[in-house]
Amino acid sequence: MKKLKFGIVGASGRMGQEIAKVIENTKGAEVFYPFDREDKWDSRKAAQVDVWIDFSSPEALKDVLKRASEHKTPVVCGTTGFSKKEKDLLEKYSKTFPVLWSSNMSLGVAVLNEALKSLAAISHFDFQIEEIHHNKKKDKPSGTAITLQENLKKAVQKDLPEPLAIRGGGVFGIHKVYSMSDEEVLVFEHNALNRTVFAKGAVQAATWLVKQKKPGLYQIRDVLFGKKA
Amino acid sequence: MKKLKFGIVGASGRMGQEIAKVIENTKGAEVFYPFDREDKWDSRKAAQVDVWIDFSSPEALKDVLKRASEHKTPVVCGTTGFSKKEKDLLEKYSKTFPVLWSSNMSLGVAVLNEALKSLAAISHFDFQIEEIHHNKKKDKPSGTAITLQENLKKAVQKDLPEPLAIRGGGVFGIHKVYSMSDEEVLVFEHNALNRTVFAKGAVQAATWLVKQKKPGLYQIRDVLFGKKA
Amino acid sequence: MKKLKFGIVGASGRMGQEIAKVIENTKGAEVFYPFDREDKWDSRKAAQVDVWIDFSSPEALKDVLKRASEHKTPVVCGTTGFSKKEKDLLEKYSKTFPVLWSSNMSLGVAVLNEALKSLAAISHFDFQIEEIHHNKKKDKPSGTAITLQENLKKAVQKDLPEPLAIRGGGVFGIHKVYSMSDEEVLVFEHNALNRTVFAKGAVQAATWLVKQKKPGLYQIRDVLFGKKA
Amino acid sequence: MKKLKFGIVGASGRMGQEIAKVIENTKGAEVFYPFDREDKWDSRKAAQVDVWIDFSSPEALKDVLKRASEHKTPVVCGTTGFSKKEKDLLEKYSKTFPVLWSSNMSLGVAVLNEALKSLAAISHFDFQIEEIHHNKKKDKPSGTAITLQENLKKAVQKDLPEPLAIRGGGVFGIHKVYSMSDEEVLVFEHNALNRTVFAKGAVQAATWLVKQKKPGLYQIRDVLFGKKA
């Protein structure tokens, strides 16, 4: 059987190495083109890549998309901290080939975002999102909390208090969504146990993305729950 | 405006009183026929009732349904501990007029049951349901935990370990659904703060049920998310 | 057996009524002098009171202490929102008769404050206090969170981030203390189920206070763990 | 400065490697004698070891203690699953040189065990211990839960329900102690984020143990809170 050929942008970075490890442990997959910023670009080698995974940096995005567009190679991107400029780039390039971007590649967070939709039925409740991360994390609130907040707002159609952030120790990533009425409290909580969670999600997303015929800007949720028309 | 006329079965019981209080605080609603087991049945008065609420006992169910069927008056029933016999009665009578039965009338638990569907996407996870109730509660696990377990099984299509039960103090009712993989843990948790939660849900369900034209066996979830065909 | 004669300041208020109910359900205790602001003060009746309980308001404190001092009647005070002025009054009057003041009368919170001492052994961890209360509560953070923060600071001897506050629904009162290192997370959490918790604690404190021979400013922790010299 | 010379029993095992890594990252410490079952025992080398760490197996304990006793070298032992026979060995050998044994070497669990003492003040509450571990863990409940249960029993002086155990995914180790009354719930919760927590605790314990002049059977709690007479 032909193996799925992965390209990794930022291959020697922390996430790049994690992704390579997961690919190596995935049947029918291989790390074909591990690429780093300082490497010379090999267009002929890139032509054979089936799918790119990029967790590098906002600055790298433009080159990544431009190069992938040459051969219409699908791209899975897990970089966070994008401004409008980068989001526009994603929109633009995804018109001609499949691009999947999510601020959090974990399956559990995708399920959490999906579960938020059920809160539309109790939109009169009070809501609060909270996240806990290790004391090295600088951005507050986390990109995942921002996405949860956007989805929650869409579901309950009202303004919400800002997400709360706790920083301490080596907590890998906890996100909580509180729904509170006079009579009951509902808490949806996600806890990431290690970094592999994001690498596994990205590889699963890539395997799914190569099967998508249509260009488009996909999310990890589409992998689990199907692309909304 | 004409007020919605409520009948209450077991009106002097703990839940009956709670329900009466909620109805009295609901605009456009009145307690029209508070009925207790020892009362003589007044068929003419019953004819004017718009909707019955019954939280009395499994033994009472047959009479409740039979009497309601006389005038096709909708019935909201929150009694638990039903055997197959009572469930068959619900099925039978609901063929000719609207009946709504749920083991837990809280909106939050209905949302929790709905949110369980999203777990179908991660059915390879390990799952565990847990409940905590006050030390006076005798049945283990709670009726709500049993319903959650049934819905979770339906969603993830596999066998699950038995729900765990903790008994202590005056805890009103906590239910947790754990979803666990090697990389992440998702917890959906519901916490009832007081008894009113069930009365409020029942009254809201009754207000909705009187508008249903079709006979049928409804659940609290249908009130929030629409009846599945 | 002679019954313990309770005086209640603010007897018709929400907490006053709750306290009266607990006293009535306590063997060997009676509500002897329920007093409200608008009542005329009856000094002869007050002379027979064994112990006062006051949850009224900061403004009332001076009168309460002055009147109690007449007969050296012990006072249990659960009022919050005291400025330095009121705290000085407590100090002053407690030099001549026993006064017990706590921002939170629950036994569980007293245990939580005691348990914080064990965190001195891991003072290199990161810490964060968090509280959740109903959406009617205006002060942020809660008086209890402030006391926990003071005790935590004393235990770990370092600066701490401000307590976080969530407001929503009818949550009666949740307090959490997070201790986080690179390898582990410890959470101490207290959840008040109802208002009775404070009334019960106050009555238990009063029963204990009448047995204290020495004047002094006591806390609910002294009731459980003994007065520190 | 002279470095502290560590011996590791089971050096090539999973915990042995973890311990070696922590020692290498500890200033003033070195892995001097990494020993495995199949190795030939080098008594002259062993004579220079300052402290042994052993996480190998119950079967190995007798040899470990016998060999350490030759030079009265202190031993830190983190092996679990000991029967009365092994516990007797610990008692016997610790009469002539310092031995420290704990079923859980984490600082946080030691603090949790210490915090349990404060529950003596509310011994009329209901209690429940619960633990969650990965789906590969076979023993139920965990050794740590058993130790917590013993300490809790000692504190509250009454019978307790059996600890509850949840198995799922890759959860590294969660322990909860519930204290519940009609009015409040207190939860003490510990969450281990990775395996390093035990290695770090063991190395810290060893550094402390070499300074103990007196023979005796110590625990990790003594490192943090001082040996009880």
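By written order: A, B, C and D. Residues from 1 in each chain.
Simple rule for what comes next: contacts are C-beta pairs under 8 Å (C-beta built on N, C-alpha and C of every residue); 3 or more make two chains touch, one makes a residue touch a chain.
Computed from a predicted structure; not experimentally measured.
Q: Suppose you list every residue number at the subunit B-subunit C interface; are over half of them used by both chains (same) or under half (different)?
A: Because over half of the interface numbers appear in both copies, subunit C and subunit B meet with the same residues.
Q: Any chance you could check whether A-C or A-B wins on number of contacting C-beta pairs?
A: Between A-C and A-B, the larger count of C-beta pairs in contact belongs to A-B.
Q: Determine the centre-to-centre distance between subunit A and subunit C, using the mean Cα coordinates as centres, and give it in whole Å.
A: Averaging C-alpha atoms per chain gives centres 48 Å apart.
Q: Centroid from C-alpha atoms only, then distance subunit A to subunit B, rounded to Å. What do you get?
A: Their C-alpha centroids are separated by 39 Å.
Q: Residues touching two or more other chains, restricted to subunit B: which are they?
A: 169-171, 181-185, 193-194
Q: Subunit C touches which residues of subunit B in the complex?
A: Result: residues 169-172, 193-194 of subunit B touch subunit C.
Q: What residues of subunit C sit close enough to touch subunit D in their complex?
A: Contact set of subunit C toward subunit D: 106-112, 114-115, 118-119, 121-122, 179, 181-194, 196-197, 200, 224-225.
Q: Subunit D touches which residues of subunit B in the complex?
A: Answer in residue numbers: 125-128, 130, 132, 134-135, 161, 164, 166-171, 178, 180-185.
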